[in-house]
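Paired with chain B in one complex and with chain C in the other, chain A is shared by the two complexes that follow.
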Partner chain A sequence: MKSPEKSTEKTPTTNEPFAFSAANLETYKELLTRYDDVESALLPVLHLAQEQTGWLAENVITYISNLMSIPEIKIKEVISFYDMFYDVPVGRNIVQVCTNISCSMFGGREIYQGLLKHFDTGYLTPTRDGRISLQKMECLGACELAPCMRVNDDFVAITDLTSAIHKLEELP
Partner chain B sequence: MTEPIKTEVAKTEAAKADLVNLKWNGVDIQAEKGSNLLKAALDNGIEVAHYCYHAGLSIAGVCRMCMVEQDGNPRAFPSCNATCGEGMVIRNDTPKIKAAVEATLQFHLLNHPLDCPVCDQAGECGLQDYYMKHGVYDSQMIDKKVHKPKVQDIGKNVMLDAERCILCSRCARFTEEVTHTHELGILNRGDHAEITVNEELKNDYAQNLVDICPVGALTSKDFRFKQRVWFLKDVHTTCIGCETGCSVKVSQNKNGAYRVKPVYDHDVNGHWMCDDGRNIYKHVSSPTRLSSASENINGLFVPVDELSIQSKVKGLKPKYILSTGLTVEEYAQFFSSLKGSKVEVGLYTLPNLGADFDGILKRGDKNANLRGAKAAFAAAGFDSTQEGLDKILNSLSSNDVVYVVIPEILYNEDHFNTLIKKTEKAGMKLALTPGETLSTLRTFNYLLPVPSFLEKNGNIINHQGLSRPLRAGLNYGETSKDISYYGKWVNV
Partner chain C sequence: MKNTANNKDYALLSYHHIPGVHNIDIFERAGGYETMKECFNKEPEAIKEEVKLSGLRGRGGAGFATGVKWGFFTKDRNAKKYLLCNADESEPGTFKDRYLVEKNPHILIEGMIISAWALATQKGYIYIRGEFYQQAMILERAIKEAYAKGYLGKNILGKGFDFDLYVHRGAGAYICGEETGMISSLEGKKGQPKLKPPFPAIKGYRGLPTMVNNVESLAAIPWIMRHGAAAYKQWGTEKSPGTKLFSISGDVNKPGVIEVPLSTSLKDIIEIHCGGMRNGNKLKAVIPGGSSAPIFNAEDSYIVKMDYEDVAAKGSMLGSGAIIVLDETRNMGDVLKWTLEFYHHESCGQCTPCREGTGWLESVFKRREKGQAHKSDIDLLDKTASSMRGQTICALADAAAMPTQGMIKVFREELETYVSASTKK
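Let's turn to the complex of A and B:
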């Protein structure tokens, strides 16, 4: 089961220097043109960085801070404010389970707890094979699918814990 | 609004026509048009509860304590984010506002720990003060308080207690706007939001954070647990740490001085002062402070009668080396006592330390009263330059008695030691010291105590040429009246 080399693939240690890939650097420049000032582009730039590395380590923050001339603490404020930025290493797949009203009425909270138990993990902690990180979320905006999960970028309608586990076991 | 210093300048220079009339709780007040509404009230002596507003920082409007009502406006609004206009009728004593402030304070206190008895801020705490006035005394909380990290050493002698913080963001704004070092920020969200330091504090003005924190979240490592604030009295004086000459208050009681805080001085230091200035009082109540005239017996300083020293120096040619830390009055008194006697006088100038000016307040020139000293030397016809000092030092012989006034704060002891080494040729060496008995003073034959800056009244002139007062603190009054201690050795 254990394959630490795989889980570290997307989780660079803070010692490794981080830099945008050439393609991402182009995207970054394009992002800047969309806003009046550099600070406004911070959210999409952080998403871009997170796409590249999986999570926002200290070295990523330092790189973006230098790149955009925004103080590190400001970037940390933004990252810690939003749930969708990760300042801890996460698994290859992010699974967000909605526990807001509609979904919890259909058992969202129980499904989340059940998944934690099944994968023997905690909030955002990657499973031992580095495959999945579970995240409890407030409303995902897909109440018609309740109880609902978001697996990476896709909404997944589930019916109960068993179907959720079934869906997640298919993940690479 | 973001730059209060500019508004101050405008206030003093602009014509009075710019003033507008307001009514606050029925009282007529005047304020500059377009200036901050809360500031107008505070300047006119009206009490308005506030946490996040600070005249030296930008407006945040996060504490919601300074709510006011305006005639013709159905909504209450925070006065810190409003500007003064002609004919405004403002009230903050209506039941609606009182209820709003009460409710807001309840929220501020939700997660605040009840550790006032062990909190250093107690006695000067915004939460305590407003709780007595606006508090709902019975807690309606049924949930447990959120716990956050306490006792964090965030560097530069500042301790952070995240639990006590009410997230006014004054400190974050200070590191952003005043020092531009961006060390502090508010991480996380809602209940979990807390002030966090990025790595550690790195600026030279960190102790100001302790001053501006309205609660006990940021406390000074140097001061905490040393003294209760209600046992202290503030003496308004001037910092002698460098040529800037910031207005400060020194908190002291009969046991000595405990801390230095800045006092708002529009022309010199604004609201702030540097960390180096916080240590200027330490030699005053130091246990190694020289308390009586002492004779050097094989490296040990033994108390001795001043009259016996006078008999020893009789007949020798007196030569003086003054420091730049004396008051204008002391220089005047000294030079007037020289009249008719052939005495050589030189001035020891402290060497520059660090950058000439750090862009905020701190200056590399550490001579507190260099302007005053130079003026006094020039008026009396003496040479205050280094050449003048060198001339005296080179001409020393065994027929001379040299009096060296030790600078109150010696930043660079090595530099001073080279001066002391050059005095070795003199037949007799006396040091007049307002500070501690340093090991470098071993070469002197006698030590004589003189008052420190906390024990004398007078004026010093800062780098701008502005005169700022030194004031004698508690229990030091007697020595301050007689300032002849430098000159009385001239005509022995």
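Let's turn to the complex of A and C:
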């Protein structure tokens, strides 16, 4: 379930209507063929939308709701259940820091707190330059790398706060 | 004993030393998919029987015999049903399934095709945790390759059998590893578990029969069918036959994934396969089967054999095979605190004893941070944990209660000091 820590800075939702790009609309159609009902495609469709826009704003939810004929309220419930669906604006890069047992043994918690401080931000709140959102996570399934971090789609092994900062400073 | 980790003579990692084996041609040159082809000439019931004889036990955590579970599945070959591979792998300390599929996705796909033929499932899904993005892509590519060869899709190898296989990505929720939570999630809902019975094998995804098996269980099928149940039983014990993947993390020199026969001693795993303790420190304790497994002190850690019965006899469980090694510098209060924060965060909130209980457990450590915890809080932890057991829809509540009570049993004094050291008088 989603962390109780909430991002504080909610920027107003854009009023521009959202739509899948032509390529993503094709992907959407292909996704539907994988399942025996439309609802089952909801998670992959939310992933797809998030890949296009970064986070799942009201306008995105409205679009998906119309597209799939699933009530908005149901989609919102689903989004809020999963840690990797974002209902707040996030930075260009998502950085997940593991704070579970094996990683905490090697400073995972101090690294997470240190990064928040270094980038002067909070849970998921984008840095002022919009570059990074930090997210505290449970075991990421890569404990041999402890302390372990995920940057966007990849696992990254770090040794300490300094090496973590160094890695993140390289991000576009 | 020599270091036999990743030995190519074993079953699951037998292809891992081959460069590029994620590519279907390389996999096939090494003998991959041969067993699948042979299996299509076998009676489905004969395959089920062989798996049952092998004694393979589900590798997702509960260790229920795979062949027996398959026996509960409908034999009506035309009835619509699903094969669901559990690749959610979220139990803290576990990373074996990831290691297996990221290098060798085809061993899982071959295992799933054989299983699908035996069980007559027309569709399969690999539910993989959202964090394993690259691994999902590796599986997607491998599935595409298998389709291109005619091993998936309609009328596979001209046998009149159809099987479609897809990857389905989760989105960050531990509870989706529980099979009914996974089914809810696959249905496009919150990943909330459902009451059992009915079991998924009877009424699962979309209300239809669904066989849920862990990655490692399914990946063991090709080896078993190729070499036979008897050969599989050369390893392990009567009740724990075969080999098992273990993922080891914490205070060892070489953390990682190994494949060893079940019943290998934990001492050998630490000292031989993992290169011994980090910095030459002394061993203090081991969590032998993922965060929900009760902890062992050093003494038990050094005598336990890693099979289902011996780990259970010593008061813990083999679980997913996630071994977390802790040395003398570790404080057990920290370990319990991290564990309980996890379960509170991951409770799906449906059952009061779980939602409230995990909160209560964690709150002792929150009070400690304010200097408001007392020695007696350890008794409170014990009582709360005990009241959570066997009361809920799924086993998450038990998974939080067991390590709590286990930790208190072994390290009570240390925990009492931990919570009360900073207590404001």
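Here is the rule we go by: the second predicted complex is superposed on the first by the 159 of 172 C-alpha atoms of A that agree within 3 Å, B and C clash if a C-alpha of one lies under 4 Å from a C-alpha of the other, contacts with A are read in each partner's own complex, and residues count from 1 in each chain.
One rule holds for everything that comes next: contacts are C-beta pairs under 8 Å (C-beta built on N, C-alpha and C of every residue); 3 or more make two chains touch, one makes a residue touch a chain.
These numbers were taken from a predicted model, which means no experiment stands behind them.
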Next item on the list: Considering only touches as defined above, state whether A:F81 meets chain B (first), chain C (second), both or neither.
Entry: both
Next item on the list: Tell me which partner A:E72 touches in the superposition: chain B (first), chain C (second), both or neither.
Entry: first
Check: With the two structures laid over each other on chain A, which partner does A:L140 touch: chain B (first), chain C (second), both, or neither?
Finding: second
Check: Of the two partner chains, chain B (first) and chain C (second), which one does A:P17 touch, if any: first, second, both, or neither?
Finding: neither
Notebook entry, point to check: Once the shared chain is lined up, is A:G122 touching chain B (first), chain C (second), both, or neither of them?
Noted result: neither
Item checked: Touched partner set for A:D153, first chain B, second chain C, both or neither -> second
Next item on the list: For A:L42, select first, second, both or neither according to whether it touches chain B, chain C, the two together, or no partner.
Entry: second
Next item on the list: Of the two partners chain B and chain C, indicate the one touching more residues belonging to chain A.
Entry: C
Item checked: Overlapping contact positions on chain A, where the chain C interface meets the chain B interface -> 74, 77, 81
Checklist line | Interfacial residue positions of chain C with respect to chain A in the complex | finding: 89-95, 98, 123, 129-134, 164, 166, 168-175, 185-191, 206, 247-251, 255-257, 287, 291, 322, 324, 326, 330, 334-335, 338-339, 342, 345-349
Checklist line | Footprint of chain B on chain A - complex, ascending | finding: 71-74, 76-77, 80-81
Notebook entry, point to check: Which residues, counting only chain A, touch chain C once they are in their complex?
Noted result: 1, 3-4, 34, 36-37, 39-44, 46-47, 70, 74, 77-78, 81-85, 96, 99-102, 104-105, 137-144, 146, 150, 153-154
Margin query: Please output the residues of chain B touching chain A within their complex, sorted ascending.
Written below: 172, 176, 182-189, 196, 198
